[in-house]
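Chain lettering (A, B, C and D) follows the sequence in which the chains are written, and residue indices restart at 1 in each chain.
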Amino acid sequence: MDNLIAGQAPVRSRRGAEGPWRTAWRKLKVDRAAIMAFGVLVLITAASLAAPLYARYVAQTDPFATNLNGEIVINGETKQVLEPSTEGLSLGFTPLGPTWDFGPYMLGADNQGRDVAARLLYGGRNSLLIAGAAALICLGLATVLGVISGFFGGLVDTLLSRILDVLWAFPIFLLAISLSIVLISQSISIGPIEIRSGSLWLPVFIIGIVYVPYVARPIRGHVLSLMRAEFVTAAIGIGAPPWRILLYDILPNVITRVIVFVPLILALNMMTESSLSFLSIGVQPPDASWGTIIQDGQGLLYSRPIVALAPGLAIVISVLALNILGDGVRDALDPKSSIRVA
Amino acid sequence: MLVALVSRLGQMLLVMFGISVVAFLIFFATPGADPSARIAGRNASQETLVQVRHDFGLDRPLPVQYGLMMERLFISRDLTSFVNRGQKVVPTVLEAIPVTLSLVFGAAVFWVLGGLIVGVVAGATRGSWLDRTLMILSLIGVSIPVFWLGEVANLITQSRWHDSWLFSWVPPLGYIALTDSPWGWFKALVIPWFTLATLYIGLYGRVLRASIIETMQEDFIRTARAKGIGERRVLINHGLRTSLVAFVTMFGLDFGALVGGGALLTEVVFGLQGVGKLTYGALQTLDLPMILATVIYASFFVVMANFVVDVAFVFIDPRARDGH
Amino acid sequence: MRSRKVFSAMLAGVGLAGLMLAASLTGAAGQEGKPGGTLKLLANAAAGTIDPHINYTLQYFQLNYILYDGLVTFRKTGDKTGFEVVADLAESLPKPEDGGKKYVFKLRKGIKFSDGSDLTTADVVASFQRMFKISGPTTGTLYNGIVGADICLKTPASCTLEGGVTADEAASTVTFNLVAPDPDFLQKISIPHAAILPAGAPLKDSGTVPIAGTGPYMIASYDPNSLLKIVRNPHFKEWSKEAQPAGYPDEIDYGFGLTDEAAVTAVENGQADWMFDPPPADRLAELGTIYAKQVSVHPLTAMWYAPMNTNLAPFNDIRVRQAVNYAIDRSAIVKLFGGANLAQPSCQILPPDFPSYAPYCPFTANPGAKWSAPDLEKAKALVAASGTAGQEVTIITEDTEVSKSIGVYLQDVLNGLGYKTSVKPISQNLQFTYIQNTNNKVQISISQWFQDYPAPSDFLQVLFSCASFTPGSDASVNISGFCDKAIDQKMVEAQAAAVADPAKGAELWTAVDKAVTDAAPVAVLFTPKRIDLISPRLKNFVFSPQFYWIISQSWVE
Amino acid sequence: MSETKPPPLVRTSELSKHYPVGRSPLQRRIVHAVEQVSLEIFPGETLGIVGESGCGKSTLGRCLVRLTDITSGTLEFAGRDITRASQRQLRPVRRQMQMVFQDPSASLNPRRRVGDLLADPFRVHEKLSRSEMADRVEDLLVRVELLPEHAQRFPHEFSGGQRQRIGIARALALRPQLIVADEPVSALDVSIQAQIINLLADLRDALKLTYVFIAHDLSVVRQFSSRVAVMYLGSIVETGPVDAVFSSPRHHYTAALRSAVPVPDVDNRPAQRIVLKGDLPSPLDPPSGCRFHTRCVAATSLCRYERPVLSFVDTNHLVACHHPRAG
């Protein structure tokens, strides 16, 4: 009798049967587009991490030091990194153009005579770091707020929801610009964490905050629906205290949705980082991120467009890969979440 | 119903109040934001500085300043800029609205048409190479930073190939009023339209495709098919119509946000004197009255769009109407 | 003054060897233009109020000179005589009386404001009262020498300037009494802040509402968000060609909102005639070659410099400040500004060809008259002696291309000297007031100073006297907080001497220039030049050292 | 008879449950899910609750174990008033009353292993060592005829019937006195239903359980319950011993309900099927007077204005009707 009933389920009898996580991973593994996108991201990350090696052995320059009087030998010809205009009124300097050879100044120089290719790699580090750290802050805050709001409901929910409304309706760039003006000239301390003005944490903090409502709202909705789920009622039924329900019934189910958000928020963060840099808020010089290199390149758009085009393309490729990966993760983990990409 | 409506409106006002207070406080928390010295002029004497500060009411307590500013913004409507002294912010914002509306309306036409075509074609040919190509293109569209796209468009059409036959028609950057020259208006805006729409074509195409595919698997579609209705008519009459709910909701929110100044980057890149550009300029100069006006204006549209979508939802979505 | 938005006029005639690089754009001599047409000007942004008594920007000073007149003005010519003061609304230049404390102006007859009313002596008195009543920006610094000005500054609303400015309507004269002799008085009342407006002009900042003037043009409409439209003044009749000549264009449209890049493109493509803002660096090469015929370059009496806070470590040690001066490669910085043809390295306070200017450069490889190369060894030795290496330094720059890149370069220099340096760009609209306020604890920054009036005191006394340092105030133009009692005393002596014996005064000022330069409260970087890009159809581009381009004297074909 | 009865385990009096529905405040309305229900449930008995779907029987079930807040009226469990008790105060009571849910796939957290799900009651209520806990879980699995190694699996790896066994095991874990089973078999295949019913019956006998058995399937109720309550639009219209109610229904609704049951019946029952007119009215806007008057064959104007109260028509048999059917 026992076996008869048990036999109805075609299950391997090994211990530690396949959990939902592993199922999702199995689904993701066969999604070729997602795996390719993941590969691209790994490559980009690896290349960015290798930036010091590149700067040292290939570019052979310090990508953070100005090199206004530098010279370089290309095809036996000595050239100035900043080429003075000698014709006509001889106004202005044009940075060295791309050589397209694997070596120093592969992508040319910027207006300070620095190696664009090396800066691009270093910039990737910061862009990825900012996007990643901001995603952590954003998802962490959003999860906490969304879960608290949905779980406790009532006055707490109303209050938090209104705060999120304000944050949401507050124009994102205004929010970013306002915060950065405050933060750029003053350091700010939140508990034990002190964000020094001009630090990398500034853009992280700003970008981390602006998308909180974007994530917190669906999470809150999800928690609300979970709170009505029968397994939560069942947990209340056995007398489980709220913290247990939160920890074992709500959070594990919210986490999948949070994870679905990860690539999307990363993509969004990268775009936002570049937009903020376009508005001169972001990594402070001489440090670089893709956004700030675009901004530097903007001043060279007409003479050396590569300086702005290259980091722009890097952003497009990374964000594209993240979005494809995001699709894959969503399909594998939470197909019903119907989260809007980007 | 009426009570709910009123309470909803009250919440909207509350949110807008919150936003204006936050903007106001941020301004005063910003070191160097005190406009007195900038208003007084370089190398002004300390007496002049004090006088100017007094004239602008900057020496009064913050709540009083806030109250006065709101009073001048909404009741007497004569609030003037800190930077361009004498420039009344309310008419300035009102004058910028047609520019933003022109930009957003045109882009919306592009993106609704584009989104519909991409979504329907991809949804109908699910799994084919056409579907896959369209989805990759959409994702690329979604992945391009709008300001960068605008810069590249400018580089190509204003500089590199401006003299070629392809782009010689492109007018200088800036806005040309529809009333001045409809053709000039179109020429000045067509590139910004396309730039702004790129992201949304990708976005809407993808959402629509997913929604169509989901709807096409539902029972009533199967019933319609069983009745022998042609696949194309099933798609258009049933699949698309149901999917449009999500589409319309998204459209309302995006449109509201963009009209509220969300197209800031596009306006800046293309030199269009819309609300976004106004906001941008005000932020660059820390022009508090203008910041407050644009922020409240923007939040109004965002909150309003939310509200309209909620109400519209009741009418569009049959499920919501039944109130189960 | 700073270049961008705020600048004030260059008041005096100094022999400026106009380094005209461009083919002479000043129009073939003798060729007469035809009146008519519309000039299209472009600027990034509007420059604020159009009240001539309040606006303090180069952008609108340039316009106000053709919209309004003072009792006297600068000659409107394109050569160095453009620095000379000539009679404008007054019949002639008055002779100073009472040892330089009294001036009597006789008003010309038959001049009308653009609103049709006649100019009277009452308008003159009212105009001077008005600038105090509306707290004009320079009332406390340029016009505080008029008798009664002190009371007016304290209680502006009831300002009468009693005993200071008095009219005799029958004789059509206005008499000015000064507290003390002021050799620069005529120049000071030549700028638009002393423009004569109708007595009925509103006693508040008129903002965007035009006030009637006496010049050949008047403002038809003003929307700071898009357009400033200027048309002919129907009541204008030329009374003095050198003071206020009639203009050529029928209309001047000043458009706002395009970025620098877009503006350059628009002028290149002939879609606009001129842009106010300096063209961005990456367009200079193309301007200097393809569009060379549309470009003119003129030296300015100005400086780019790096103020160092003499009250904060490490720059409270003179050796550190000198070390920075020694270490800076000024030719490298000149590259960032557009090259040797757009800027000239400098290490002293006074700009070349300025009164009292004597070439002097102690901070170079071979100290002498000219800067040649940085002296890094000396710089490092000085830092070592000060024992400050390893300290943290923050450079505050504007968020503009040039300022930011100079900041980054300076960061490298300071790092090379052993400091831990960071750069912080701040919105250009805030940076100038931000770096002035001691509360913000700014150690070193990048700034610019354009001459206000053509006397050495405008650089030396304004920027480095104890009086112009006010701790905790946004208006404390002595950014370095430099206060040396001995040098202060020398400045007072020089100013006093100038009244009686200009040559003696000039000599004393030269000594002050050297003394301040040696004390190194700032690192002077270079003397900039102005670059103007105009459309091919614009003719007769007259560049006055005082007004820059005299807009009314150009015509379009 | 009645004076020798033990005190009731559960007693409700005028218990009502109303809740708002609607996704936005613009369309919010009140549902009258349970309306003034007075009940007594005695130890050892199995009370079946029947009614059409949407009649409020599930809500009533949840009210009985306080899984939802009660709008008005009172609820006593084992003599203790728990109408307004907080979840914290309820925790000791929860040991005594448990619920088995309708949809086992919804009531088992998909992210947790079965062993954890079954250990939860012990973790909450008892301090046990790991091995003790494992033993208890194993006991439970065996008791519901599953295998001990199933503890390592996730709910989605089981069939519907197995999942419901897990649900039952969880309900049994703390050895409760009362189990409210909310349509425990309606989500299952017919072939499995019998197995689960049998399991529940076996457990009742072995553990001396008191059941509240909610179902819309009369035959199951009849087979399993000792007493039955019939609900219509949130109210109990008839209650009494199973045989009495089903063989001679006094309420017109019960009669209609019974006549619709397609299962063969050994008892004598009317040959013709009673077809109710109209649809079930919305609980958002229940009819006045007797809730059933809009569909009742015997309705008079009295029914429209005055609400009938439950009153005895026989020993232990109560009916709420102005014009009860003949017994």
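The rule is short, and it goes like this: contacts are C-beta pairs under 8 Å (C-beta built on N, C-alpha and C of every residue); 3 or more make two chains touch, one makes a residue touch a chain.
Not measured: the values here are computed from a predicted model.
Novice: Closest chain to the overall C-alpha centroid, by per-chain C-alpha centroid: which is it?
Specialist: It is chain B that sits nearest the middle.
Novice: Using C-alpha centres only, name the chain that sits farthest from subunit B.
Specialist: Centre of mass proxy via C-alpha means gives D as farthest from subunit B.
Novice: Rounded to a whole Å, what is the gap between the Cα centroids of subunit C and subunit D?
Specialist: That pair's centroid distance is 89 Å.
Novice: Mind checking the centre-to-centre distance between subunit B and subunit D? Centres are C-alpha means, answer in whole Å.
Specialist: Roughly 53 Å, centre to centre.
Novice: Between subunit A and subunit C, what is the separation of their C-alpha centroids in Å?
Specialist: The separation of the two C-alpha centroids amounts to 46 Å.
Novice: If a residue has to touch 2 or more other chains to count, which residues of subunit B qualify?
Specialist: If we look for residues of subunit B contacting two or more partner chains, we find 31-33, 159, 286.
Novice: If a residue has to touch 2 or more other chains to count, which residues of subunit A qualify?
Specialist: If we look for residues of subunit A contacting two or more partner chains, we find 181, 185, 298, 301-302.
Novice: For subunit D, give me the residues that contact two or more of the other chains.
Specialist: none
Novice: What does subunit D use to touch subunit A in their complex?
Specialist: Residues 62, 65, 67, 87-88, 90-92, 94-95, 98-99, 101-103, 106-113, 116, 120-121, 123-125, 145-147, 149-150, 152-154, 156-159, 161-162, 165, 167, 170-171, 173-174, 195 of subunit D touch subunit A in their complex.
Novice: Would you mind writing out the residues of subunit B in touch with subunit A in their complex?
Specialist: 11, 14-16, 18-19, 22-23, 26-27, 29-33, 139-140, 142-148, 151-152, 155, 159, 199, 202-203, 206-207, 210, 250, 260-262, 264-265, 279-280, 283, 286, 291, 294-295, 298-299, 302-303
Novice: Going by the contact rule at the top, pick out the subunit A residues touching subunit C in the complex.
Specialist: Those residues of subunit A that touch subunit C are 65-66, 68-69, 82, 84-85, 87-94, 111-112, 181, 184-185, 197-198, 280, 284-286, 298-304.
Novice: Sort out for me which residues of subunit A touch subunit B in the complex.
Specialist: Those residues of subunit A that touch subunit B are 162-163, 165-166, 168-174, 177-179, 181-182, 185-186, 267, 271, 274-275, 278-279, 294, 298, 301-302, 305, 308-309, 312, 315-316, 319-320, 323-324, 338, 340-342.
Novice: Show me the residue ranges of subunit B that touch subunit C in the complex, using the header's touch definition.
Specialist: For subunit B paired with subunit C, touching residues are 31-34, 36-38, 40-49, 51-52, 55, 80-81, 83-88, 92, 95-96, 154, 158-159, 162, 171-174, 268, 271, 273, 277-278, 281, 284-286.
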